[in-house]
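Single-structure report; data block below.
Chain lettering (A, B, C, D and E) follows the sequence in which the chains are written, and residue indices restart at 1 in each chain.
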Amino acid sequence: MSGDLAGILPEIVVAGGGLLLLVLPRVRAPRLLGLITLAFLAAAFDLKLLAWSARPFPQSLFYGLLKEDGFSLFFQLLILVSIGFVTLSIMGYGRQEVKARRELYALLLLTTVGLMLVVGAQHLALVYVGLETISLFSYLLTGFLKRESLSAEGALKYFLFGSLASGVLLYGISLLYGLTGTMDLPGLADRLTPVMAQAHWAASISLLFLLVGLSFKVALVPFHMWAPDAYEGAPTPVAAFLSLGPKLAGFALLVRVFLVGISPQLGLWPDLLVLLSILTMTVGNLAALAQTNVKRLLAYSSIAQAGTMAIGLAVATPMGLTATLYYLLAYLLMNVGAFVGVIAVGNAGGREDLGAFSGLSRKEPLLAAMIAVSFLSLAGIPPMAGFFAKLWIFGAALKANAVGLAVVAAVNSVVALFYYMKVVKAMYLDPPTAGAPAIPRSRSLGLALGLCTVGLFAVGLWPGIWLTLSANALPFPLPAGRFP
Amino acid sequence: MAFLARHLLSLIVFLPLAAGLAILFIPKERDRWIQAAANGATLLVLILTGWLALHFQPQAPGFQWEEAVPWIGPIHAWYHLGLDGISLPLVFLTALLSFLAAVASTTIPERRKEFFFLYLLLESGMLGTFLALDLFLFYIFWEVVLVPMYFLIGIWGGPRREYAAIKFFLYTLAGSVFMLLSILTCYLRSPAHSFSIPELIGKGLQLGPAAQWWVFLGFFLAFAIKVPIFPFHTWLPDAHVEAPAPISVLLAGVLLKMGGYGFLRISFPLLPHVAIGFSLIMGILGLINIVYGALVAMAQSDFKKLVAYSSVSHMGFVLLGLSALNLTGFNGAALEMFNHGMITGGMFLLVGILYDRTHTRELDAFGGLGAKIPVYGGLLSFFALASLGLPGLSGFVSEFLALLGCFPTHPAITIASASGLVVGAAYFLLMLQRILLGPLKPQWSGLPDAGRREIFTLVPLMIFILWIGLYPRCILALQTPALTNLLFRLGGNIGW
Amino acid sequence: MFAMSPGNPSIGPLDLAARAAFYGVACATLIGAAITVTARNLFRAALGLALALFGVAVLYLFLEAEFLAVSQLLIYVGAILTLIIFGVMLTAQIASPTQPRFNRQAGISLALALAVGLGLGWIFLTSGWPSPSPKEPPPAPVPLSALGRSLISIYLLPFELLSILLLGTLVGAIVIARKEKDPE
Amino acid sequence: MIVPLPQLLAVSAGLFAIGLFGALTRKNAIGILMSIELILNSANLNLVAFNRIWGEPSGLGQVMALFVIGTAAGGAVVGLALILTIFRHRQTISADEIKLLKG
Amino acid sequence: MCLVVTVVGWLIMLYSIGYMGGDPRFSRFFAYLSLFFFAMLTLVLAGDLLLLYIGWEGVGLCSYLLISFWFEKPAAANAGKKAFLTTRVGDLGLLAGILLIAKRAGDLSLTNLAAKGAALGGWAPAAALLIFWGAAGKSAQFPLHVWLPDAMEGPTPVSALIHAATMVAAGVYLVARTLPLFLPNPNALLAVATIGGITSFFAATIACTQTDLKRILAYSTISQLGFMMMGLGAGSAFAGIFHLVTHAWFKALLFLGAGSVIHAVHHQDVTRMGGLWRSMPVTALTFTVAAIAMAGIPPLSGFWSKEEILRRLAGSGPPFLILGLSIAFLTAFYITRAVVLTFAGKPHVIPANAHPHESPLVMTIPLILLMLGAIGIGFIGTEFAGHRFQHFLGIETGAAHQEHGPAWIQLAAIGVAVGGIALAILRYGLGRQLAPARVRGSLSWAYRIVSNKYYIDELYDRLIIRPVLALARSAFSFDAGVIDGAVNETGNAGLALSRVKGWIDQRIVDGAVNAAAAAVGRTGAALRLIQTGLVQNYLLIAAAGTLTLFAVLRWLS
């Protein structure tokens, strides 16, 4: 038991941080809250790094409910980094009533616990409780801008949609349990093979429900419709969080459940994922074209990006999965960059539409350049990380002979370019709006953007390191010589 | 020094970028410094490439000044640069036009710091594209060109700049995305398992005939959009017209060549069977480009648009030469790229000079300027004549070689294409007539003639145009061995 | 004999009575559910939900899960439903007779729900449900103590996570729902 | 006591379908919340029933059902908090009037 | 040829100093002229078709530059463009021919052409005709001759040099050069001869009707070029080249003389001239000598070369001979007409304020020198000079020497020349001045017709002049209306076509892209509509999506 507790020490640290923030006496300086949060996150990050270096893998904890392997560590590190970025962006957020609330930071840390546990979960009970934790806290965070009715509206829609989705997920779990008698992922994998033959449709339905529940988390089309509304209503840092945390967890679980737990040979999950990813990319990109609110645009963009990432899972090869992991890393950096840009611009006048970005390059050349780097990376322009991420995905699809998928993805990346460039165009080509308020300086936002920019180039120009990292994080041993 | 000599190509590629970054740190008020830095950097690159050209050994096999460093370990992508006879003229062209256009960029009115940063980034990208020997690196440079170009058109362009910029960006990206898929397929389906172009060529691809066609088409789309080949050309008039003059120079002078270069460097040697099968289509497309481009150019009333469409027509000769599948044709195609860069680059500079003075490009707004600004008139006539393929000037040599090369392969197409020469003459003469001849309009009575700086930007081009027109061997000798190699691979007619 | 083997011979009268009771409870549950989704009056819908929840609790009893039945009553009916009724009263939208009960997509939703229900039912009735070992006697119901033990041993992690969840939701809900007095 | 599994599952399927219908059609946000509770209950019914079949010593199904009840409580709290907030802003909790965010 | 170019060219340059004096672009004129010499000499001295082609295009360029030298005049600008374009059409043929030869024969040098012809095999006639096509463009042969009359918009020395003496002869030179290609192919030769004949006759008739002095000369040039082509078509390079040389002299002289006149009276209309011999005797003298030379009166140069061609034509068959003779007749007629109208008679319609005077020495000296040439140059090709020219050319001397045509050809040639001159004098020199009765009286040899003088007038008028005039008129109108029109219409049609293409470009090609983009955009907008903001719509879509996924799953398995 003590070994188990030692294994989840980082999670305990984070949870402790969250609880500490709850019981902390009222703190006037939001920066202090942020720094405390960051300190706990950094501690957990450090411990996770320690765990990474202190192999052997994998370790099974808590009666096999939790698995500490390269995969979960990879995701946990990504989660910690993204929550760190979110914290930084909260610290730079202009809305005092949001960022001064210690409950916000506490909830963020508690959500982090849920996220970290979920990505290592080997048991559907833990998966369910973990997902519920993430979801419920996400709803709350979305509604945190309580003076704005839009925030509550977004949160409510998110909540209603999410509750139904988790009901469906739960129903799927219950059926799966009925068919196999277990919720243990490895055990499930063993017992499902005969069941698929015996009760094909019941098993199919249960897995389909599972897929739907997870697709909601990742916001795959047609389970994406909450996302734009929630993103737009949420405080921008929370929108950034929504585009990262739940997505990371969702992808981790999709891999854990569908690629490892249920082998792709069972059933037609890869085909369904192909369908979902095509739909998601296309709908996400097309819908994003018509947007003028940058936050909403980014919501659709992150839907489309998730669709692209799903290709790596759909082809169900080591290369594909590696590509998805790399993509997640790149996506984290560029999406944070984009959202931080929205926050910085929104801080000036509260506007988050394209017009607010007009002429930014003349007023704030450095800020504009960094935002542009993020958007160009999202569009997949080399040598930023986003390009390489797309590249691996295309490569994985081609390698798996899914040429059609690769072509659809390629066409989509062209469509996507158009709306990403709308933002860049506004910043660089449009004249500044007369009388627009100056953008307040924020060190934390600058730090976050700077880190993202540097990271995008670092991941882009030396992709080999990160590719190897992703490949090492695969949840199954890499077949020798098959990569890439 | 030895280190520099060993990394000469890298130096050439990244020198502009370094200078561009340095320019970002020059205070905005020091405009002369900014201009001087840009001029200096481009001049230095020009000197270095000139040195390369002088020390290039045409007969030596393979690539020269090659550099290869592992870059992305897991996928065997290398940082691999090298120079051969196909790339050398284009590299030199890039360096020359970049320098001249930088000198001509004094007319850019505002945001000059950003302009020159992007400009130098663009130069790095273009040089890198021509020097990269690794498909992956090639693609990166290829894309790197797009971004600064987007901004250069979008920020400093004409009234419809935003439309033109995004159109250019979307078109080219659409093409290059498919090229990326093709590159990946090559990589995945080659026993070489590498992105290195020589290695891929050496070991071949393991692809069925149909798949080879698809891969070829992927490359083709990217290159066709860049060249541009009908019907993928519609970005070109917009982009050329809206771009500021120095950028139009690079756009027409260098960027279009990237497509033709891609055929010679990648598509043809990598997929020889398809290249042979594609020859007829290529020839027909070349014909369409020539005739169609010329006819549309004739209908233009906008000076710049006319020159832009003339590029479409001229690039048709490149295609014609490529479709020939023999040494003469290839020589013609490669030379036409070089020549067209010089000639059209000069034309766009001239358009810019006139536009700076008059702020109009309507051909009918001019007239009789030949008497008012004779130096300009002379320069314009010179470039127009070079462009319409007057023998003795470089344009003729390459067009003739392309026709000559294509003739045995596709006689009918060649003859039909030759009619483009007549139409070409027609619209250029019409243009000259509308600008220079006829009575002088009163509003231009105060028009100053071409200044020293402007003449300075044009004279080097004229020297080259004349030199190559009279003594084309100087370039042909450089590229012939490399093209011969390529033809060996294609099994084409080397003797012709 | 539990389980579904069709030709089970030993069906005694007691079984029959139990079975009748089961069907009754099942019907009550479904009717409660139906009231929940159809009642125009929201308060009545809440009562329907109570009926359904109660019915489910009785079904738990049938399944020899007494602790769960009690928990259902305590937590669901006792707490959650009360909360919901509070919500109904706070938002003062108990009934609005002028408004239609359903939104405009009722028809298609009905078709969809029917398809789902019938499809699920058909699949459940036709699937061969596995059983661990058909020849052995049915496993004994899980004793409460085992349940308790596994909650603090095997399932400690989700259990603790659940506590974090509840704590967090309470705090968060208070923050969000509380009327803002001081702009902290 | 003997309860045939298929019939039980049918009840759960019925609850699920009714809940789904309610979630799709109830105009009132609280009504949707209640419908979702029905769905959760249908799943719980499954869990307990299957637990009875498999007779696992750890009582996984029942434990899971307890977790579900717990999370449902949390969900109801969150949901009601959000509904109250939106009611404060808009004086309505009718799902087809909450549509400022769209497009 | 080279000598012709340099010597005649030198004289014309000298003349130009006077003619162009005072022009603001004096220096540029001479720059262009020098460039022309460079190109022309390249053309002439080229030992290789490609180099020849370079010179060929070069002279075309200079021609363009010089025709539109006074570019402020729209007519001049148009004429230059027309010249360049029309010859470009011809160049196309030449280029194709070069390509063909290059492909089939391997190299492009002008040596061993006969062997090349053999190597070309069945392609030889095609190659020959393509080359002829090119030559036709440059030498203004039917139907590509339309540019030459317009080219008279250029300064007169230019007309003399380029459009009379040298450049237009380049086509003849080319055909002569490549004659070995033609020789084995009778059909090719026939084509050359036929085209040449048609052109020549056609142009000659037109020349009879023109009133613009330079245009008369221009049509005469066309006619003479056609005549040369006929000579070549008859298979004799010598005949063509010989006439080319003589023609260069007298036609240059004619043009310079005309230039001198125009310089003096400032217009070009012969009907408004007359009696100019008084005020400008040198010009009148030289012009008249040149005219006589051209008309073919021995012993002036034109006679010898013309006779040579006619003799050759006799070998080609009677139709060609008759055609040749009639051309010779017409030539004599129209050139005399021009002389008579310009110089003879009283100065009757000159504008009152104009005082024509003789041109300066720098202009008249070249005239005189050219006159000497026009008189004497013919001898180099005759028996009297021992066929020096044939030896000089080094081509087919033997054949030319031995094969003497019948003597009546010489006589006929003289006859038609004299006839033409006489007729012209009759009609223009005397007919105008004298009353009809005096005409009857003065012409004793027409005594029998005296009583029927009206009939003779009628006959002349009806049978010769009217039909000729009508023919000429119709030919001119054909030229102006149909062919020129066709060229113009082609131009217009091309323009229209290119406009259509521009439209296609914008609407169809670009349109397709834009339409695709618009479709994408509309889909995006439609997707916005789906996102209604109603959460239950979202749920419904999600549920329907799940069902669909299930259906897909069933369908797949």
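The rule we apply is simple: contacts are C-beta pairs under 8 Å (C-beta built on N, C-alpha and C of every residue); 3 or more make two chains touch, one makes a residue touch a chain.
Computed from a predicted model, the values in this text were never measured in an experiment.
Listed by label, the chains that touch subunit B and also subunit D are A, E. Summarising the inter-chain contacts, the pair of chains with the most C-beta pairs in contact is C-D. The most centrally placed chain, judged by C-alpha centroids, is B.
A separation of 32 Å divides the Cα centre of subunit A from that of subunit C. Measuring from the averaged C-alpha position of subunit A to that of subunit E gives a distance of 80 Å. One simple way to say how far apart two chains are is to compare their mean CA positions; for subunit B and subunit C this gives 72 Å. Separating the centre of subunit A from that of subunit B, both taken as means of CA atoms, is a distance of 43 Å. Shown for subunit C are the residues in touch with two or more other chains, namely 103, 105, 109, 112, 116, 120, 124, 129, 132, 154-155, 158, 162, 165, 169, 172-173, 176.
Chain contacts: subunit D has residues 16, 19-20, 23-25, 32-33, 44, 49, 51, 53-54, 56, 60, 63, 67, 71, 74-75, 78, 81-83, 85, 95-96, 98, 100-103 touching two or more partner chains. Multi-chain contact residues, meaning those touching two or more other chains, occur in subunit E at positions 528, 531, 533-537, 539-540, 543-544, 550. Here the touching chains pair up as A-B, A-C, A-D, A-E, B-E, C-D, C-E, D-E.
If you check the complex, the residues on subunit B that touch subunit A are 71-75, 111, 114, 139-140, 143-144, 146-147, 150-151, 154-155, 161-162, 165-166, 169-170, 173-174, 177-178, 180-181, 184-185, 187-188, 214. For subunit E in complex with subunit D, the residues that touch the partner chain are 528, 531-536, 539-540, 543. Residues 520-521, 523-525, 527-528, 531, 533, 535, 537-539, 541-542, 544-546, 549-550, 552-553, 556-557 of subunit E are the ones that touch subunit A when the two sit in their complex. Subunit E contributes residues 534, 536-537, 540, 543-544, 547, 550 to its touches with subunit C in the complex. Against subunit E, in their complex, subunit C makes its touches with residues 103, 105, 108-109, 112, 115-116, 119.
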